[in-house]
Amino acid sequence: MSLSVDLRHSQGSFTLDARFESAGTLTALFGRSGSGKTTLVNIVAGLIRPNRGRVVIGDQVLVDTERGLFLPAHRRRVGYVFQEGRLFPHLTVQQNLLYGRWFAPRAGRHGSLESVVDLLGIAALLERRPALLSGGEKQRVAIGRALLASPRLLLMDEPLAALDEGRKAEILPYIERLRDETRIPILYVSHAVGEVARLAQTVVLLNEGKVAAAGETAEIMGRLDLFPMTGRAEAGAVLESRIEGQEEAYGLTVLRAAGGVLRVPRIDLAVGTPVRIRIRARDVMLALEKPVGISALNILPATVTELRSGDGPIVDVRLDCGGDALLARVTRRSVEVLGLRPGLALYAVVKSVAFDRRSVAPGGEGGGDAGDV
Amino acid sequence: MSLSVDLRHSQGSFTLDARFESAGTLTALFGRSGSGKTTLVNIVAGLIRPNRGRVVIGDQVLVDTERGLFLPAHRRRVGYVFQEGRLFPHLTVQQNLLYGRWFAPRAGRHGSLESVVDLLGIAALLERRPALLSGGEKQRVAIGRALLASPRLLLMDEPLAALDEGRKAEILPYIERLRDETRIPILYVSHAVGEVARLAQTVVLLNEGKVAAAGETAEIMGRLDLFPMTGRAEAGAVLESRIEGQEEAYGLTVLRAAGGVLRVPRIDLAVGTPVRIRIRARDVMLALEKPVGISALNILPATVTELRSGDGPIVDVRLDCGGDALLARVTRRSVEVLGLRPGLALYAVVKSVAFDRRSVAPGGEGGGDAGDV
Amino acid sequence: QGKPVTVFAAASLKTALDEVMDAWSRESGKQARVSYAGSSALARQIEQGAPADLFISADIDWMDYLEQHKLIRAETRGNLLGNSIVLIASGAHAPAVAITPGFPLASLLKGGRLAMAETSAVPAGKYGKAALESLGVWTSVADRLAQAENVRAALLLVSRGEAPYGIVYATDAAADPKVSVVGTFPAGSHPPILYPAAILAGSKNPDAAAFLAHVKSPKMKPVFEKQGFTVLGQ
Amino acid sequence: MDWLTLSPDEVTAIKLSLKVALWAMLASLPLGIAVAYLLARCDFWGKSLLNVLVHLPLILPPVVTGYILLLVFGRRGAVGEFLDQYFGIVFAFRWTGAALAGAVMGFPLMVRAMRLSIEAVDRRLEQAAGTLGANPAMVFLTVTLPLILPGVIAGMILSFAKAMGEFGATITFVSNIPGETQTLPTAIYVFTQVPGGDSGALRLTLVSVAISIAALLASEFLARRAASRIGLS
Amino acid sequence: MDWLTLSPDEVTAIKLSLKVALWAMLASLPLGIAVAYLLARCDFWGKSLLNVLVHLPLILPPVVTGYILLLVFGRRGAVGEFLDQYFGIVFAFRWTGAALAGAVMGFPLMVRAMRLSIEAVDRRLEQAAGTLGANPAMVFLTVTLPLILPGVIAGMILSFAKAMGEFGATITFVSNIPGETQTLPTAIYVFTQVPGGDSGALRLTLVSVAISIAALLASEFLARRAASRIGLS
């Protein structure tokens, strides 16, 4: 389902002026603290009435100030994971979780209490009241509450910020499944580039209330000029590939991208399934000759297309890898020593690969899975 | 100043039973959601009276249930950055920031309002009330408020969780400076292994209310058996080194570790200063022959000492690198193809280096700096 | 057995009237009930259609008011009881005071206050004021008054020693051992203190007249006299 | 201890007082909550007027309030006549009138307590309930109401206590008819009006205080439970 | 409109009423806050007793309260005698006594409002203030008090309004001395006791209502400001 936003809203000295379309089921809102992410989500949820503008999800108009249309929050059926929890203090965890159920139509329910409770590891907390929970426990209950409301649109404002890596690693695949299986549109706010790159089909980059960039995750994450905003450390490129085969013995899956063959931890998908993989610039090394006797599994021939140095000793290198763009991050010293320049043919040595099943057709045909080596 | 904790406290069905000593000025509390981190910090702050136990900071006893001693919170002079903000809603941001000042003795003040406001980027918010701030803005004000209270002990409960990478990158060095210059002991709760590894001298790993491990950051982060708790993705080793020289032209600094020479983005410290560097396992590649014509700057000869495979295709390799331990993460396939086994001599190719000035003497002699290539 | 007779009576009559009522119930087997309150409140309620049969007021004015508005049966109106007002002093053994024209009340007060019921609204206060005026001492004590909500409150002030002297009904003074009656105001010094009674125009209870007759009957005389009232003959 | 024995009339008065106070409290509760909500949350024309109206019984001497009630709700009163004719509800000189007087006198106290609680509710929780599909009425029932329970209980006990103690307006409005409108306070009042009535007044006062203590303790208990459910303590 | 003209005595009564109500409100404020805090926050032996004591003026008929005041604070009363002898404070027949009566009658209302507000304060904010070095007294002054301001204001207006309307306890305690203890309600009462006094009662009632409207509007304004400072609206 597509999400179309075209808004203008002022609060105090801050003005949100955002316009974007997203066809993806998971749209990431990305931007620095105070850039207007929560404000935008609140407008979509119906908690703020925008000064003017239009929000449409699928074929349902949520707001249209020109036509004087404003669907009240309780009729939007959004599941909103708030940045600050907002659990009901007078209800137990279980009652909090089931709150949205009372109001959701029976048909269209997805996710049972048990499965969500299991996923979030909150079975032991069901009888407690929120005041007695730890920060991360509260956040998990808030996620569960939104999921169990069987929403038609999921709004998640930094849902995983308070969680440890282990817990995140358990919840992320669930969100991916949700995205792919139920095809509920998700608007996802996060500061973690890794999360965004992994989950989002579309990224909207907000900067001081304005949309600095919006588009396919691959494109946005690969744009060197956006690094100051997307964060350098996590920058990378996204490649399209297909599953070529499985190496059962090693627990690896072989992928074929335009630039060559890649090996990644096992993906449980049929041969031929399209898969999107993300390769962080910092995980790519450049070699003039094809290295041998090396632990890295993935060595792709490539050509330098662009060099861009930031401040400091670092240079971002854009490569052409069989038609796809690849990013590598090296030092100025290496640029000089290796004589890197546009046009130079060399090898990209990729150590880690983050990947993500590319959704091909609506309706989805199986669980996605994800990993990070 | 040393921190010594020996506590037993029950709340509901949860029991915290923690005992550790930390000589470091920054002690990281690390552990999964619900493992008791906040509870421990609250006890140190004086907000919870433990059932029994003792907390001593430097030569000051904060609690000693055996001797019936309990220093009330307002006499402990801690600066506590709460997990949930807790800004005073009736005060402006500026008044919130200066609140602790009213009660702090004039002598011993560190950090001016201006410098803290600048650091946190909240100059435009000073006249506002907390209700009108974004999530990250609130968190920044909370950090400022604790810093400006001129505390003798800083307690930070996930202070950076709500902040974007850019902002984090600005605040982290400040915390490092605080740690090194003012030598205020800091108890720092975080889920981000990167943050912990970078900041902490001592790591205390909590698991279900018990101390699973406590000790030097290098040791804890390098222990393969703790990976399930510390998180695999960020695992790595910490090496001791000294500044050997500067390569001004490239913006690089040359470090000498036991295992060889390393090049890292410039550190503004005098030659000879000891520096601690962290090398993530995922950033280390193994090569049987010394690679040439490669962009990685750091190639260290090493010997395999231990192989430990987890579930899946990944194997963690422990290396001996001139006496220091180094970790590398490779696939089972590579182990087989390269024939990795304990005793094998090979080369560790290190792409990225995270580092951190090792504090040598009390009193500190200059600003630390940090980077990540 | 018909509906009980409902009597609206001034609160100060409670003790006596309760006894009278009991006697009636015993004798006639019929029921009566009394709503005791201030005369003014009762009169206003009657004006607003209160379901009362008989009104016994402590105040001529309110009975006149009802009569003007044709709310009582004028032919049944009669003065039931009489009372007198006395000067009381704090303490059980205060010396008597001769209440004569121009008697030195102001100097007796010695800077204290003279406790009275409210002099423009409450009957006992109005009578007291009239008496003091006719005796020519009003102006000397007008700014030394402590005007209470009712006679009982005035009595309380003297009884507690808050005020050295007070003017109350003889009926109230008799019952309090902590005050002594130091003089009685001559009957001519104030309008007669009367408790008029009348059957109300809206009364449909046939027993009302019987009850009124019972109240007036000589048998009940001692009951009222025990409380210090003068029972007025018809 | 003879003077402690209650006469049958007094027992009747006690029972009546309880009935009157309970009804005064319960009957004014829904309106009280509604008015408190309006005053706390809404801005409308005439809000100040409503506010003044609610406070009036507090400001006016009770006798005046009682008189106004008599004029309005009495048999000859505009509203009284109407209610009698069309609904058969009569207040004049009935225990219902005593309850009305008690309710009116306690209304400002009840409303204020509940209003304070409503104003203290974190509206973000109500928003959260809205996003989960609860319409405004459900939000009120499932979130606001439970959260303001301590205030509702406080308002109820204030109203009850006031109705138990109310005398001026009651005696002016519905008089002091034994078995019908003679409540504890009016009975006490009459005792204070006659010589030798002190012991009677004291006796009934003790009863009145005992009842209110019981009510107060019950309310504290309930409020404590409500507060602990909200996690305030 | 002749009947609207105020007599000099009435003007005096109005001024006195204002003075009495203001003092009643202000003088009971510190004690009210302290008691509200105790009841909201502390557990101690005799808490229920204190609670009952505070509510007593609400429960008892005002005449009884006035009577008790007279017994305790009268010249011959235990406390009254002591205060007179050692501090020269006299309540009997003085406007101070009227203020005391007003304060006592308004006390349960004041305490309840403030107590509700205190109970609603997020104690985690007070803890935060504590960690920043504020001792309990400073925490109260800089955090708790500003946060309960709406409740304090509500308590003040309730106390003021009650003192403006109080009549039974006042006239019983300090009687009705023009210029000293004759407040508006007692003046109104007197008018209601005589046939034909209605216009006078109405005139003074209007004045009383006007004053209270002004006070109410002022309190609403202040409460709104306080609330917006807390960010509640």
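Chains: A, B, C, D and E, in written order; residue numbering restarts at 1 for each.
Throughout what follows, a contact is a pair of C-beta atoms (placed from the backbone, for glycine too) under 8 Å apart; a residue touches a chain by one contact, two chains touch by 3 or more.
Keep in mind that this is a model prediction, so the values were computed, not measured.
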How many hops, at fewest, get you from subunit A to subunit C via touching chains?
-> 2
Which chains does subunit A share as contact partners with subunit E?
-> B, D
Looking at CA centres, what chain is most distant from subunit A?
-> C
Between subunit D and subunit E, what is the gap in Å from one C-alpha centre to the other?
-> 20
How many Å are there between the centre of subunit B and the centre of subunit D, using C-alpha atoms for each centre?
-> 61
Between subunit C and subunit D, the Cα-mean centres are separated in Å by 34
Multi-partner residues of subunit E (at least 2 other chains) | 63, 67, 168, 189, 192
Multi-partner residues in subunit B (2 or more other chains touched) are 84, 132
Indicate the residues of subunit C shared as contacts by at least two other chains.
-> 38
Sort the chain contact graph into one of these: line, ring, star, complete or other.
-> other
Who touches whom among the chains?
-> A-B, A-D, B-E, C-D, C-E, D-E
Subunit D - residues contacting subunit C, complex = 63, 66-67, 70-71, 74-77, 92-93, 171-172, 175-179, 181-182, 186, 189-197
In the complex, subunit B touches subunit A at residues 11-13, 31-34, 37-39, 83-84, 124, 128, 132, 134-137, 139-140, 157-158, 161-167, 191, 193, 228-229, 231, 233-234, 247, 250-252, 263, 265-266, 282-283, 285-289, 291-297, 312-314, 328-334, 336, 338, 340, 349, 351-352, 371-373
For the complex, which residues does subunit C have touching subunit D?
-> 6, 8, 11-15, 33-38, 41-42, 44-45, 48-52, 150, 152, 171-172, 174-176, 227
Residues of subunit B that touch subunit E when the two form their complex | 45-47, 72-80, 82, 84, 86, 88-91, 99-100, 102-104, 129-132, 145-146, 149, 155
Within their complex, state which residues of subunit D touch subunit A.
-> 124-125, 127-136, 138-139, 142-143, 146-147, 229-231
